[in-house]
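Same chain, two partners: subunit A is paired with subunit B first, then with subunit C.
The block that comes next holds the complex of A and B.
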């Protein structure tokens, strides 16, 4: 296709992506160097019946005028990145100096908001992703053995957790595990502890969110693996059987290698999606015990005073995280492409 | 050896079947439970004393005189005007799907037919864009949108959702168009069609299966989105998902959990039918990206 025709076909889509995905990233980068204006203070003389005192007051008009004049705020350089809410260089070096053991240092760093969120996000991503793959494969192998009539309804039921809106799926599970919900109340009876609440303890909250993540994403892995299973050549499997491979060996040495490309695909998608985890934290109201990077940004932006600078700095750091996650995949694609081109 | 060989399949079948049954209970149980419970009163659905209350509806019978009650639905739809949010969601979803499919088919077709290197790089760029967490993009939108005074409108949200949908739509339609033989449009061009005429008269009639599948996923993205709709819409323009989220804060103050439960069930129903009717397309769409990407 000649360049001109290509351009004519692609421009609307290209323009949309440039305007609303590429430029916003630039806008985020810009905003991250600025911080909200300080309130303009004014000395006001307060005269009582006996004497006059001067007090400092917020000059609302001047503050508003300043905001309208420079909506970005005032230039802060890398200040937002290094402050306590983000990379917290000063605090980290202080903790480093004061810590007597490595464990102590980690514990200290973990208390800083950004690192806490980063830790949760990474833990969530790297716990949920492998579990999703394992469960997805097991369910696909199981469904593949089912008689034909039951396959359709099983796939229908299996798709639901993935298709349903994440916020809604989260709420449905939350209402069940809540202290008065069916699972929560049953757990209280089992452990004979009327105050038992999954929300009150950090480890339980984390487990709850991760269980939600696995529940939500397993159908995706299942469907992809199930479709892959239909294309595994039966003669290879038969050959393995004749050679005396056990069922486990058939899976391990024939099916899994055959599905390697699918596994890479699922891993890539899951890493991208789990890294942005936000909805379950909102629907489980788990922010007291577990915060993700996306949640900090969401929180900065949804308050009455929107902290654009802070949200933008966290966003930039999140984008950096995504880039690091994606690098191996991109390098591999680039190599494959060059090999093909040669 | 012979005994293990004959025994293991039965054990395996037993194990596999029970695993699938267990999975089905986990997968569909919560939905069944919530749909059933949404017709009860709060005392039954959140019953501390006895979970079976939710099944029999002890308090529901005592409070309303019937075994089932639509009070939650009445409260959510009429009292809290949830129908407005349903309407907003319909507008946003319909426009997002139509516009992103229009842009996506044109772009995906071009990407599938261009043999040049930049088409490949464009797809890679789309993949990178696909990985951007939506909330980071939102933090880029908010300030400019406030400045230009376009914040809070449905149209702004539609445009943003279309753009965010593009990377995925392009990938998917690109792989569908690769499946349509090149000879078809090329022979039309040999017969004197321009590229656009070939697209119009040869490709468009055969592209619908792919477009429907892609449309389903655009629908899901627009329908299920929380990050963008909750940040970019003013409270009177809210769609269902952010409205449900705002129910939650309201609940903490007033305690009408059943409103939220009913709203959640209402928002689930269309998705349920979507899976029911388009199961095959969803499965093929999920795997199309994997097999060809």
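The block that comes next holds the complex of A and C.
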């Protein structure tokens, strides 16, 4: 394609990407280098219905003047990135100096909010992503073998978890796994333990969140694989059958290699999606047991005191995390692309 | 129905039923736009304010439980999205910090003759809000179950432990106790209450430097942990919405809840007559032999936005004063603990009244208190789940608060 045609063809999406993706990210990055102005405070007497107290209150005029001088706030450089709420360099080196064993060091680092969230986020990503791919493929293979009449309804039913809004789906499951809910009560009977509560124990909460993640994302993988299955060349499959390939061997040596690009695509999407897990944590009220990077951002921005700088820094670190996760997959795709081009 | 006809109907209805409560009512010009939390007492106030808005004036309202999240943005706009925000002693702080609400001295002098002196919230000598109801957390008990185990109504948290053990030992309930311990704002409030009960100071006097890593802090955390032994293991998901159904279905014998929830527990909905009859509000409890109740007092009141015209401010003030009129109080007596004179305290109010008369402290109205509150609920779950020591948790709270306070400019 001539470069001119290409440019004319691409510029609307290019413009949209700059406006809606690049600029917001630049703005967030800017925000992460700034913190609020120093609050000028003075003692005042406050009287309420119950009693009067002398307290510190923000001196409006003085603080306003500071804000008018520099609307972005105080420049803090990478200070927000390295404070305790984020990468916590000082704290980590202190823990390193004070720890008498490697286990102690890990426990100390795990106590810091960012690393704790990072650990859960990575665990969630690396458990949910492969399971989603495996289940998606199995369901697609299964549905593909169904008789034509039952195919439509089955596909529709399999897509349901993806159609339900994540927050709502999470809330529905939250009440079902309650000790009085249908799943919670059934589990208590199965394990013969009247105190069994999925919400009370940290490992069970993690498992519950991951099961939810697999339940919610599998339909996506299924749909993509199912579409891919329709294009698998039947002559290759027939040739494999004539050569005596079993059903498993057909899948392993014909279908999976043929659908490799799709698999890479789903892996990319799932790594990105799972790395920013948030909704199940909110709807399962699981904040006490499991926090993700996105939850930290959400927590910084909700409530009445909003920590914009902190949220921006966590956002940038999340983007960095996604980039690191995707690098191996992208390198592989790039190599394949080049090989094909030759 | 268009807005105009609706307003006409509303004002006619007012004329027919309640009579005109104030000479200023109805307001016929300006605009009244209300942002408020979403619970029955505030519905009553806002509906009465609406009744005062006559033809020629505009009215709109937004009841939302997320009111605190939008208030600063909504009032920063010029003109402000809302002319009044109904606040509590913590949610007024961000508005004060940014100068988004105006002093009300002139308006009070002009239209506030019926207000009680204790309703006027003065900050640095200026009236910034008009309080109309009080709230506090206190104990609620099932008298029938206490009778079964032969125990008195607890007056301290130590007695709660004792009674809870007796109920468990008698095989009545495994988990007889609950409080609002969901690991969000709710848990932070319980830590604040318990720490106040231990007589603790949150900050070094005259500074924004936190000082909770002390004996009272350790005692606070340990008491919470002991109490949670008698609360269902799901306690970290318990907010008002989770605990009230448990109470109404008879699964709890003692609970610490907001005074404003009691009305819903003793009405004839959602529960059996036996449970309702046995549900008794008790006072706020002390802890560790202290004299001050381990509970904080809250008020709800209305403020007027800065970024609006004086005409709108006056219209809004008149409407809101009508919203908290004696007629409203008499018609909604049991929905809240009203601060107005016409209020007759009923059963639902006993707990809050007891907490106030026992000298409970108001929730600290400090610009940086919200940051400490967040640090509490982010770090305390680790301790309650037995993952770390009380000292470690307190150190974590201080570190988390300090990082946030530095970012917000309260600490250097």
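We take it that the second predicted complex is superposed on the first by the 273 of 342 C-alpha atoms of A that agree within 3 Å, B and C clash if a C-alpha of one lies under 4 Å from a C-alpha of the other, contacts with A are read in each partner's own complex, and residues count from 1 in each chain.
What we mean here is this: a residue touches a chain if its C-beta (ideal position, glycine included) is under 8 Å from a C-beta of that chain, and two chains touch if they have at least 3 such contacts.
All of these numbers come straight from a predicted model, not from anything done at the bench.
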Partner chain(s) touched by A:219 [first = subunit B, second = subunit C, both, neither]: first
First (subunit B), second (subunit C), both or neither touched by A:111: second
Touched subunit A residues, subunit B compared with subunit C: B
Partner chain in contact with A:85 - subunit B first, subunit C second, else both or neither: second
Contacts of A:123 with subunit B and subunit C, given as first, second, both or neither: neither
Which superposed partner A:41 touches (first subunit B, second subunit C, both, neither): second
Partner chain(s) touched by A:204 [first = subunit B, second = subunit C, both, neither]: neither
Touching partner for A:141 - first (subunit B), second (subunit C), both, neither: first
Which superposed partner A:305 touches (first subunit B, second subunit C, both, neither): second
Subunit B versus subunit C as contact partner of A:176, first or second or both or neither: first
Footprint overlap on subunit A, comparing subunit B with subunit C: 178-179, 285, 302, 306
Subunit A residues within the subunit B interface of the complex: 1, 3, 5-6, 8-10, 12-14, 16-17, 19-28, 31, 71-72, 135, 138-139, 141-143, 145-146, 152, 154-161, 163-168, 171-173, 175-176, 178-182, 185-186, 215, 219-220, 223-224, 226-228, 247, 261-262, 265-266, 272, 275-276, 278-279, 282-283, 285, 293-294, 297-298, 300-302, 306, 308, 311-312, 314-316, 318-319, 322, 325-326, 330, 333, 337, 341
Of subunit A, residues touching subunit C in the complex: 35-39, 41, 43-53, 55-58, 60, 63-64, 74, 76, 80, 83-85, 91, 111, 113, 178-179, 195, 197, 199-202, 285, 287-289, 299, 302-307, 309-310
List of subunit B residues in touch with subunit A within their complex: 8, 12-13, 16-17, 19-20, 23-24, 26-28, 30-31, 33-34, 45-48, 51, 54, 102-104, 106-107, 109-111, 113-117, 119-120, 122, 124-126, 128-144, 146-147, 159-160, 162-164, 166-167, 169-170, 195-196, 199, 220, 223-224, 226-227, 230-231, 241, 244-245, 248, 257, 260-261, 264, 267-268, 271-272, 274-276, 279, 282-284, 286-287, 289-291, 293
Residues of subunit C defined as touching subunit A within the complex: 68-69, 71-72, 89-91, 93-94, 96-99, 118-125, 131, 134, 174, 182-185, 206-208, 232-234, 236-237, 297, 299, 339, 356, 360-362, 364-367, 370-371, 374, 378, 381-382, 384-385, 388, 392, 396, 399-400, 402-404, 406-410, 412
